[in-house]
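What follows is subunit A paired twice: with subunit B in the first complex and subunit C in the second.
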Partner chain A sequence: MPEIIIDGRRLKCEEGETVLDVCKRNRIEVPTLCYHEAIESWGGCRLCMVEISHPKWPGWSNWVTACLYPVQDGLVVGTNTTRVRRLRATVLDLLLARCPNSSVIQKLAAEYGVEDTNYEPRLDGDNCILCGLCVRVCDEVIGVTAIGTANRGASKEISEPLKEPPVDCIGCAACAYVCPTDVIQVIQTPDYRVIWDRTFDMYKCVECGISHITVEQKDWLIAKDNLPADYYDLCDICKRKHTAEKQKELSML
Partner chain B sequence: MKQLIIKPKLCTNCHICELACSFKHSMEFDLAHSRVKTIFHAEDDLTVPEICLQCIDPSCMKGCPTGALYLDDRINCIRVNYDSCIGCLSCVVSCPFGNMLQDRSKPGHVYKCDLCDGDPVCARFCPTGALTYVEIEPLTGSVEMELEKVEAEVG
Partner chain C sequence: MTLTVESVNSRIDEICADYPVDEASLIEILHDISSEYNFLPADALRRVSERLDVPIARVYGVATFYKGFSLTPRGKTIIRVCKGTACHVRGGDRNLDELQRILGIGAGETSEDLEYTLEVVNCVGACAMAPVVVENETYHRNATPTDMKRMITGEGSDEDEGGDE
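Up next is the complex of A and B:
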């Protein structure tokens, strides 16, 4: 079992883990924006950069993204050294220029001493940092690939195919939930949900009319778990009432 | 193995379990934040405290597309790993008993009974013993026999 040293602490880890996994388990704080446990790491935001060294490389050190770097026995990691902090400050300086109005970025940048960006801020843009979490959750977890990236370079953006309401979207709003800077707009009413310019009808409880999921999401869940078509007919409150009814009958026996 | 036992006949609908649960998890006395919900049946004058049953074959875990729900086998409890949750509410709609809850003020935020890490406050504060967290023997006889045993205990 490999052992690594993070910030002076000798920590046991499993084969194949990344440095970030070990940090998270041991409550060592490493800032991340494009990382999510349920989604494959991508190393896009460059915020989780750490400094590594090894007894076998005397005098050498390197910077790597903690979310992608696999552990190896004897690795020495610094998560909060001066050089790491300077590196993160540069990344945050650039992110702040991209989305100067994002409170998440402002807060993180302030933690690293960046109050104002040294670059020209993009004042008319949205708060998207192009971390791609929304695209990846849609592709990897939900498996419908309703959204993607469009264009290249400075004009790259997250977009629906052909900028039209995405036909494959099931309206689950997982993209909005995982978005680190809360860019994706969801309009939620009891009857419908609007996301990516597409309006979804909600699947309502047959007894009280409360809804949690969209009709498309219900179909997706039924296909995924191979369930009867009426499995999702009741909302949690009505199901709870039915359970209580059952338990009442049981206790009256 | 300890389990949370519900005895509706002993419940007086005092809501103390809900208040204790809410305070433990959100530092607020708000019944909406409670993991346990008491449901009053006026016609029989009986209240049933509803709480996660910690199923052996949990539907919430099966419905979750990311594996964010996991079994804490130390206390036999299904828990939520919020770092893996993507807020799709599949677990809320999958639970056949309605015991997976959703925070209505925060879209996508789900919560469930976590047995307070092995010391459920609902059972600790229940004044009548309607909710108890006790050591139980695994079921051996028929369901009827077990029910009779419970009947004899409750009276």
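Up next is the complex of A and C:
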């Protein structure tokens, strides 16, 4: 089993883990913006940069993204060195220029001593930092790929296909959930949910009447996972109640 | 040219028939559509998405990723003025100015009669011929504003095409 040293602590790790995995498990704080444990790492935001060196390669050191870098026995990692902090400050300075109004970015930047951006702030933009989590969760986890990126370079953006309400969207709102800067708007009422300019009817629990899933989402999940048609008729709470009751009945037999 | 959904769909079906039903065929199909219509009509993208069973979000992402594709109609003749480093240094801007003046359209625009589209590109990989202006498939080397005028109005001949420095 490989062992690595993070900020002076010798830590055991699993083969194939990333430096970030080890940090998380040991509660060593590394800031991230484009990472989510349910989604494959992408290494886009560059905020999780750490400094690495290795006793076997004297004189060598490097900066890598913790979310992508695989552990190697003997690796020495610094998560909060002066150089790392300087790098992150630069990244946050750039992000602040892109999203000067995002409170999430403002707060993070301030932690690294950046109060005002040194670059030209983009005053008319939204708070999207292009981390791509929304697109990736929709594609990788939900499996519908309703939204994507459009253009590239400086004009790259997250976009509905053809700039129209996305036809493949099932209204699950996973994209809004993972968005680190809360860009994706969701309007939720007991009867419907509005997201990406589309309105989705909610499916209600037959027992308590609480709406727990959109109709499209229910149909999608039933088809995808080959579930019985009534699988989502009960919400999680009522389902648990039912199971408990059944167990009680069984135990009394 | 009016594009009905039916006509687009049947043309796209023909194009798609030449390729395996696979996401890997996407770019080549988009190329074919682009040479057919000079741009990528939205209905064509929808149809390709259906035919290849690739989500429209991904088709749209690819279609907008490359500068070579356009989602808005383009002219019969596409003029690309290179403003890469070499062409810029050797006066590519003057050619652009002249073309804008003659055609009455700006960079990135298409003339109303759909005859011309004017584009600015960064390096077409022909720096030794700088400044370069590409007219459809024809490369005009060491281009001058006079050449530009001749190219559009057809006045004079193009004999110095490929001429030396």
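As a working rule, the second predicted complex is superposed on the first by the 229 of 253 C-alpha atoms of A that agree within 3 Å, B and C clash if a C-alpha of one lies under 4 Å from a C-alpha of the other, contacts with A are read in each partner's own complex, and residues count from 1 in each chain.
Operating definition for what follows: contacts are C-beta pairs under 8 Å (C-beta built on N, C-alpha and C of every residue); 3 or more make two chains touch, one makes a residue touch a chain.
Because the structure is a prediction, the values reported are computed rather than measured.
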item: First (subunit B), second (subunit C), both or neither touched by A:248; value: first
item: Touching partner for A:172 - first (subunit B), second (subunit C), both, neither; value: first
item: Subunit B versus subunit C as contact partner of A:183, first or second or both or neither; value: neither
item: Which of subunit B and subunit C A:151 touches, first, second, both or neither; value: second
item: Which of subunit B and subunit C A:159 touches, first, second, both or neither; value: second
item: Set of subunit A residues, in rising order, touched by both subunit B and subunit C; value: none
item: Footprint of subunit A on subunit B - complex, ascending; value: 6-9, 37, 39, 41, 44, 46, 48, 50, 62-63, 65-68, 81, 83-90, 92-102, 107-108, 147, 151
item: List of subunit A residues in touch with subunit C within their complex; value: 135, 138-139, 144-152, 159-162, 166-168
item: Complex interface listing, subunit A residues touching subunit B; value: 24, 36-38, 137, 141-142, 172-174, 176-178, 186, 188, 212-213, 217-218, 221, 224-225, 232, 234-245, 247-248, 250-253
item: Residues of subunit C that touch subunit A when the two form their complex; value: 42, 45-46, 55-61, 64-65
